[in-house]
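Written below as structure tokens is the structure these notes are about.
Per-chain residue numbering starts at 1, and chain names A, B and C are given in the order in which the chains are listed.
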Amino acid sequence: MTTLERHGDVFILDLGDGENRFHPDWIAAVNGHLDEVVKAGNPAALVTTATGKFFSNGLDLDWLGSSGADFGDYVADVHALFARVLALPVITVAALQGHTFAAGAMLSLAHDFRVMRADRGFWCLPEVDIQIPFSRGMSALIQARLTPQVAHEAMTTGRRYGGADAQAAGIVDRALSEEAVRAAAVEIAEANTAKAGQTLSTIKERMYAPALDVLRDRATALT
Amino acid sequence: MTTLERHGDVFILDLGDGENRFHPDWIAAVNGHLDEVVKAGNPAALVTTATGKFFSNGLDLDWLGSSGADFGDYVADVHALFARVLALPVITVAALQGHTFAAGAMLSLAHDFRVMRADRGFWCLPEVDIQIPFSRGMSALIQARLTPQVAHEAMTTGRRYGGADAQAAGIVDRALSEEAVRAAAVEIAEANTAKAGQTLSTIKERMYAPALDVLRDRATALT
Amino acid sequence: MTTLERHGDVFILDLGDGENRFHPDWIAAVNGHLDEVVKAGNPAALVTTATGKFFSNGLDLDWLGSSGADFGDYVADVHALFARVLALPVITVAALQGHTFAAGAMLSLAHDFRVMRADRGFWCLPEVDIQIPFSRGMSALIQARLTPQVAHEAMTTGRRYGGADAQAAGIVDRALSEEAVRAAAVEIAEANTAKAGQTLSTIKERMYAPALDVLRDRATALT
């Protein structure tokens, strides 16, 4: 179950204590929490984290297979969440306390900053191994946030990055011991609550206009 | 007052000894100096620096507020200067001897190389704090010259980079003691005077075609 | 003379023991070898290397001058080879055992990974010095694979990177002693033979769609 807590001007969104896959109900709950963050006005900042072994394990393929849902509609909803976080009018920090895979890793890249646990857990884009190519929207997001060769290796080989490797590659900003991850993320958020607002929103919209355009185009979600 | 001196094949453009803000007269004077550099033919190279505490403190908002000038026209003139330096047919080196803020920082990014004073002075994009979002042209310039996460942090948080931090982030190529900054910039320029000419111009025009297109479109300067 | 050998699931393409310039016969031979790699199916990976002092010295300007061939057609063929390697549906590793210049350096960037000899040999884009500006397709390839300031310095100054410098700049993934270069490249290839296939192809096509579009447009090869 996802939760949202407020500590001073910092909101802490917990994505859950399971694999935290992108089930439609989970997506709806996360969007509801983001509504609350945006409605609260300024100053504000957001830390996104989770409880347990996983930050998020990505798309809910079991649900997708059994539900008979339209894959294009589902991916469009996932894209919309990426776009929303990427352009959120507050500073956002992902505190990666556990495994961060596939769409979970992409969600982490939609945040302004990432802090990762150093001793256990991987950040990984396994799409090449599970035979699900990145959509153009996913490619645009990943390539907008990583340097060329880091994006290339992550996307073409499915390399699993531990915390130190992820920091060396610039995938995360800091890699820390387990107990320090959330506190460091909150510290970054607290230092930046005053940035929230319309100017930050416009800055992000213009910086990521090409990726946002692709992510927001529901009709081409599967291409 | 801006000045242009020639030492051998290296031109040294001094942006002034004040805050060196982008007043229309200052922009016109800088453009006049650039005319002279281009007219001189090859071999040639340019070092841009200043005298005193500031390299440049950016847009002249006091003048803009009191003059009643059109903000779009003014930004279009600033964009045109960025585009001109970005595509200048000689190698250009910015010697950042003092504070380099906002449009001053963008002007530094339009140069081929940057050398910064290590012990004092900041490189900073404070737009998010002063509530003036980057135009699309400014975003395109900054994002074309910095790695994704460096551009992101600089643009969304207004972080002030000292010399060592700016070098670690790849914003500047070297950070040196005060007395070494200009000499190092001149050394880079001298080593590259033979690069000047039509081929270098074509290389730069093609490399930065997307950013140059936006910067040169006066009609969309405010978007 | 170019050769293709197969060791297990790793193909080793040798570009020759001369300057290995892009003569039309050489391009045709390399394309024939790539046909064979692709036809072999999965699992597979490719190591491209050469024998002697050069990996490749780039375009065959002597042939071009004496043949009366159309420069646009020739560049379009070179672009097509870059595009083919960039989107090849197997993991590709360039083992740079010798000088890697101009179009040879671009061909190395079309590979997924690069291993370079540390003690001798340069990686260099000398176009600004030999007065042949990069085509838009070449710019797109280089800029899609290197960080902004590395691409900028390499393209505007023609800097010669030794192995250690190339590794520090992220142009190559590893710089090793002469006898270790090919083995390290084969090791990377062997670890990734299972990635080959349609998913990898789609991932690469989407990642590099803008560069591939320009490289494949024969009509605009000279712009």
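FYI, a contact is a pair of C-beta atoms (placed from the backbone, for glycine too) under 8 Å apart; a residue touches a chain by one contact, two chains touch by 3 or more.
From a predicted model like this one, the values you see are computed outputs, not experimental measurements.
In terms of inter-chain touching, the protein chains here all touch one another pairwise. Between chain B and chain C, two chains of identical sequence, the interface residue sets overlap only in part, with shared numbers making up under half of the total.
Inter-chain centre distance (chain B to chain C, centres taken as mean C-alpha positions): 34 Å.
Along chain A, residues 147 each make contact with two or more other chains.
Partner chain C is touched in their complex by these residues of chain B: 91, 112-113, 144-147, 170, 173, 192, 194-195, 197, 199-200, 202-204, 206-207, 209. For chain A in complex with chain C, the residues that touch the partner chain are 127-129, 131-136, 139, 143, 147-149, 151-153, 155-158.
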